[in-house]
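The structure under discussion appears below in the form of structure tokens.
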Amino acid sequence: MAPVKTEMVGVEMSMDAVLVADSLRYAYRGVPAATDISFTLAQGSITALIGANGAGKTTSVKMLAGALLPDGGRILYDGNDVTRLPAHEVVELGVTLVPEGRLVFPALTVRENLQIGATARRASADLDRNMERTFDLFPRLAERRDQYAGTMSGGEQQMLAIGRGLMANPRVLILDEPSLGLSPKIVAQIFALVKRLNGEGISILLVEQNVNQALAIAQFAFVLEKGRVVKSGSGAALMKDPAVREAFLGGL
Amino acid sequence: MTMRIFLLLGTLIVIVLLPQFLAPFHIRVVQLFFFTAALALAWNVMGGLAGYWSFGHTVFIGMGAFAAAHFVAKLGLPAGPLQMIAGIVFGALFCGIVAAIIAYPILRLRGIYFAIAMLGIGQVAAELANNVGWFQGDVGLFLETALPDGVEPERFFYYVFAGLFLFTWMVSLVVMRSRFGYGLLAIREDEDTAKMLGVPTEQIKAFGFTISAVLVGMLGATYAYSLGYFTASSVFRIDFSLNMIIYCLIGGIGTLAGPVVGAALMLLLTQIILGQLLELHLLATGLVVILIVLTLPNGVMGLVGGEAFRRRFSMRAGGKAR
Amino acid sequence: MRDPHFPDRQAMLIIQTALNGLVLGGVYSLAAVGFSLIFGALGIVNLTHGIFVICGAYAAMVLFHVFGIDPFLATVPVAIAFFFIGYAYQRGLIQVAISRASLVASLLVTFGVALIMRNLLQLVFSPDVRTITPSYSFSSLTFGSLRIDIVRLIAVLVSIVFLLLMALVLSKTAFGRRIRATAQQPLAANLSGVNVPHVLGQTFGLGAAFAAASGAVLGIVQPFSPSSEDFWTLNAFIVVVLGGVGSPSGALLGGILLGLISSFTAQFIGPSYTNAVMFLVLVIMLLIRPQGLLGSAFGESR
Amino acid sequence: MSATPILAGRGITKNFRGLTAIDTVDFELHQGRIYGLIGPNGAGKSTLFNLVTGYYPLSSGEIRFEGKRIDGVPTYRLNQMGIARAFQISKPFPAITVRENVRIGALYGVSGPRDVDAVTEEALALTGLTGIAERMSGGLPVGNLRKLEIARALATRPKVLLADEPCAGLNPTETSDMMECLRSISRRGIVVWLVEHDMRAVVQVCDWIYVLEAGVKIAAGPPQEVIRNPRVIEAYLGTPMTENGEEA
Amino acid sequence: MDRRSFLKATGSSVVLAPAVFSSQANAQDATIQFAGSVPMTGAASETGLNVKFGYDCAVKFINEKMGGVDIGGKKHRVTLNLFDDASDPARATSLIQKQVDEGVNFFLGSFGSNIVLPTCAITEAAGRIMVQAGGGSDLIFTQGRRRVFGLFPRASRQFASTAAMFKTLNPQPQTVMFIYTNDAFSKVSAEGASKELEAAGYKVLNSIALPAQVSDVTDALGTVRAANPDILVCSTHDATSILIARQMVATNTNVKMLYQTLGPQTAAYVEALGKYANGVVGASYWDENAKYKGSIFGSAKDFAEYYRANFNRPLTYHMASGAGCIVAYVEAMKKVGNVTDRNAIRDALAGLDLETFYGRIKFTSQGDGDPVLLGPMVVQRQKGDLAVVYPTEAATAPTLYPALPWQDRT
């Protein structure tokens, strides 16, 4: 697949782009993980990042969230350059990443986990309201609010991780492989939830290996290969793209 | 291959001929280098290869010394090379036996807990040696060698320590190339996974620990001979334990050359510092350690194993600090 | 010869020994609080701990001799000063070493700093043994034939106050929650909006503050010199491993256990065996319950 | 299924502090087949694997390997007898190369004479890792880590391979590759037992599936049968599935 | 590759070594070179520094005040090469070995028998001389060494004068108890004292050994209270002495006499205990009021004045002992008439019997200080000052006995 030109990517939805990655680069101890990452997240959309393992998806979203400092390129949020902001300040602006592997605080209770999620000033005033909303979304968490997070099952931990992300009052929620290691029933619930959150006005950037389901709910999608964005389009269009099918959908 | 043989031969020739060109004190410094480098190599078998950091390896220096002294006293052999060999062999064997006995319980501990347990064992042994009258650790023990006429002690011990160093080095080399060495490596990297791959982790750890103890015990007994007179406080020394670790870290832990390079480097530095900066030598040594950590992170970073020592809080996974 | 008072005397001796042990244990706990926090929350084996303690003692000594400030009052300014010193030290040096090399590098860095500080203390204060002796440091409480050194009693109370403080901070405040979250999952804490480097620095600062404040009190309890720093590091280490890492009640329990062991050994076996028995118990404890009596307050993250 | 099963468990039960994690589960694995183990998160799948590989002791029940009781035998011995495991969360030895990783499996593993180099290279080739054999395994992407996990287990020359979620984090194409790899392993006479959430993969590759829920075996049988089982749908799948394992 | 880097390392240390350790062996004719190590840091550093200041004081006096010393018709200046052994015997042995190899002939001692013993074994084996004021353990003198001299009597003989002092007390004490640090010197001296006192008819109730680092002696004091001895003898390090005294005050543990070999002499002790230091008895090997004088320094008083004028560290007997070592050397060299003949100088030291500012310096045939001439005086803290209370002819004040209970001291 040939690389897509950067300008081309931005053009079609630059009008309402909430988050823009512009030619991001990153290398781990000299090994390049991202060489040219450019894409946009449209306001109010679900946008998927897909690609093989090692294509640079997680690296890209970590850069967006401020957890990695790019070696080059820019990140724009609402048109402002936020490239060099550290993670806790990015959260303050309304961009929250729910990391791959959940990373809940195992020896904190569910409630404490959620309280940590509301550390940002933008969220601290709404702590109680957001806590209620999270418990509404995940009744399972409400039942277990005083239990240590480490004792919960993988599905429950994923819900807690998303709930924790929501506690920060995000405008943009980045989900890195939310379906990883979960049973089909839970995966379905997670995807339903993603749609619901999007319906509430949160822009969602979704990194998924579960490409079928991701493309099914995404308005836009970007395909990463070897550290660069090589293809973009609507979810439905990419689903039909033979090259994409060959590479990511098992050729079916 | 021939290149390697030449190098080995060259090294041997240099070691054999070196004393001819050196003043007595320099011989003594090189001797000290052989001693500390061999200690670091011996520590490295468990600390570097298996990731089991002992903070109390000096216990085997002390045990080796005490075992040798009491053994030769019992044996009643006249002072001389034969008696010395008997003492060293017994010191080494004794440490090996003790290590084999404590290996199973103590090696169930991992990371920092193993390190502390070894520190504790070292302290218990030191305290007992110092306070139980029979050991004579408080008043001291004599362990003398009667040397043939015309042999100076520093030269004699130079060759003895050179030999022990080469021996330790060969043992390390053989261990690292062997199936057993790969087993140690697997344990360092992930002990549970190693078990799943059929590595008999318990036995391998115990064996590695015993080898390490035998080597250190041998060196400890020899060290006692080179001192001639020692008390518990001369052989049970926490700084011995610390130095073994620091030499390995600075040179590169888990490698064959690392401990040797580290020992050479630090020995040179501290000798200079001790000689030149009387009232400030602690300060200078501290600065050197910090500078090495900050400027040579790769030497220090090494191939560190053991959960407790794993990288934490460097969230950027090797990325740039912000 | 039979002693007519034998049972009485023996009982009183045991009670006195237990009392001594409890009081000594309080002193040990006091000196271990800061170490416990730093080890528990940051995973850093802080070999500078004893230096903080001794610096606290010297600071209290200067405040006492120059300004006549009581050492117990001195804990407050000393703690505040060392919070900032600890914060700067963590962010300026320790964190740099950790991010350049690895966590184990922090061990070497604190080792190096301890050497440097010890040397500096010797230059400034000489290696001589020092003491702080306000008038009450020579008084004791007497109940019949039982006697308790009043300074040590106060030290125990202070240690309980410190431990309560630490427990409260960790479990009840948002700051404590952030410390615990950062200890368990730094990346996730950062992504949740926690300024992780800042929290790490604050945690270290808090540990340093506790250590130095305890030093101010210890200065009255016993003589100190720059070379006694490693004694306090080692003791804190044992207390924490015995009690459980990062847990305030663990530090109390570990300290008291250590104090009792030390006291009973001294009384019934001989003072020269106290260290041997202390370390023996440490090793046995590790073998039976490596996580310490109360386990880690920061989960199974290490 | 008349012959002696190569690996069988009867009445396997595991209690953790009064909590029953596995409750009287039976299973039988026979030569030449690929088995699946599915169930909701927290159902006890990994626990069952941990019990079979001797990582935890059984609370009650028995496990037989080639007819011999093996419960209570230490993990490394089980591996030397021929039971290998690939972990759910890849645990490579990060600071050494891929080849050295595999080599450790070849050096230890099933006892008896061996040609370490040949076994290592074969395992690398079978999993398609030969090209990256000299890379440090620490920085590998998930897909290659999963392959390494399998290669290393394979190098121990097992008779039974337990694979814990080998496809987690892989996209459908990579999943297909992994399934193909498992099939070829099976063709070499190694019994494969697989925990996996990707139902399409499970349905396509497995001959027989066990289903756990809350520590209890709620179903067992051929894939087509299992995915139609209402209890399985209720507990695990959520919605009925087509015979390919895709959502209907 | 491993071999290569190893070779490089070995090679570089060989190349660098001569540059680094430039030899100081070629002593010029007109200097006397003394060397050795002292603990400037570590556990023994407080007393170690005292001894070092004594050495420094003697060197300064000889070079600056006397303009050198006349030996064999030629003015000799004194050079002093001291290293910090950090209270670590192994470090000390390596430093001493270095100096032996550099050709140093005349060694001064470190402080602490555990350091002096292994270092003097090295100097003895190399045929060099050591005069020291820091190692009293019997083993230093009973192993047949011929070139090691101690200004103090060996440990087991140090208690003779104190036992004699006890005899002068009224009422006569009956019972004695010991607390000692478990190291080579303290242990032997406590054991020696115990024998001596039992022979003199006192009842020795108990001996308690303490580890080197102690944080609490409450339990030991409980035993003291239970035994209630007339005299408590502490043969301990200075920090431990302070701890014992302070805790005795705090727990109101009273004895008729508290005797601490090391402690009452030091400034830190007085600073720590204040008025409670009064009445505590200790051993002192030298006092500025003693009526000794010699060719170097003049009288004891002169030494004290010169020292105070030039050094800040509070004067204790250790400074005098340290200076005394150098004086002994120089006097022996003057007799021999050169500074190079090791054997002759050894013989001259062995035969020395000469009054100096320090006292009459005379060694036994085994090298330790004459127990009568160089044994300790008994001193007592009285009204903040240190008073000599024994031997009677040197006494500046009578012994206060029994001492007041702690709460009554002023």
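Structure notes:
We just call them A, B, C, D and E in the order they show up, numbering each chain from 1.
FYI, a residue touches a chain if its C-beta (ideal position, glycine included) is under 8 Å from a C-beta of that chain, and two chains touch if they have at least 3 such contacts.
Remember, predicted model here, so these are calculated numbers, not experimental data.
Traced through touching neighbours, the fewest hops from chain C to chain D number 2.
Counting only chains that touch, the fewest steps needed to get from chain A to chain C is 1. Note: centroid distance chain A to chain E, computed from Cα atoms, is 74 Å. In this assembly, the C-alpha centroid of chain A lies 31 Å from the C-alpha centroid of chain D. A straight line joining the Cα centres of chain D and chain E is 74 Å long. One simple way to say how far apart two chains are is to compare their mean CA positions; for chain A and chain B this gives 51 Å. Residue positions of chain A with contacts to 2 or more other chains are 28-29, 67, 86. The residues of chain C that reach two or more other chains are 118-119, 122, 187, 190, 196, 270, 272, 275, listed in rising order. For chain E, residues touching at least two other chains, in rising order: 40-41, 182, 209, 211. Chain contact summary for the complex, chain C toward chain E: residues 9, 13, 16-17, 20, 23-24, 27, 118-119, 122, 126-131, 133, 137-140, 142, 147, 149-151, 222-223, 225-228, 231, 235, 262-263, 266-267, 270-272, 274-275. Listed in rising order, the residues of chain D touching chain B in the complex are 53, 55, 74-77, 79-80, 84-85, 87, 91-96, 100, 103-105, 107-111, 152-153, 156. By the touch criterion stated above, chain E contacts chain B in their complex at residues 1-7, 9-14, 16-18, 20-21, 23, 40-41, 82-84, 86, 88-91, 93-95, 97-98, 100-102, 114, 117-118, 121-122, 125, 137, 139, 143, 182-184, 187-188, 209, 211.
Per the touch definition, chain B reaches chain D in the complex via residues 179, 182-183, 185-186, 189-190, 192-202, 303, 305. Partner chain C is touched in their complex by these residues of chain B: 105-106, 108-109, 111-113, 116-117, 119-121, 123-124, 127-128, 130-131, 238, 242, 246, 249, 279-283, 285-290, 292-294, 297-298, 300-301, 304, 307-316, 321-322.
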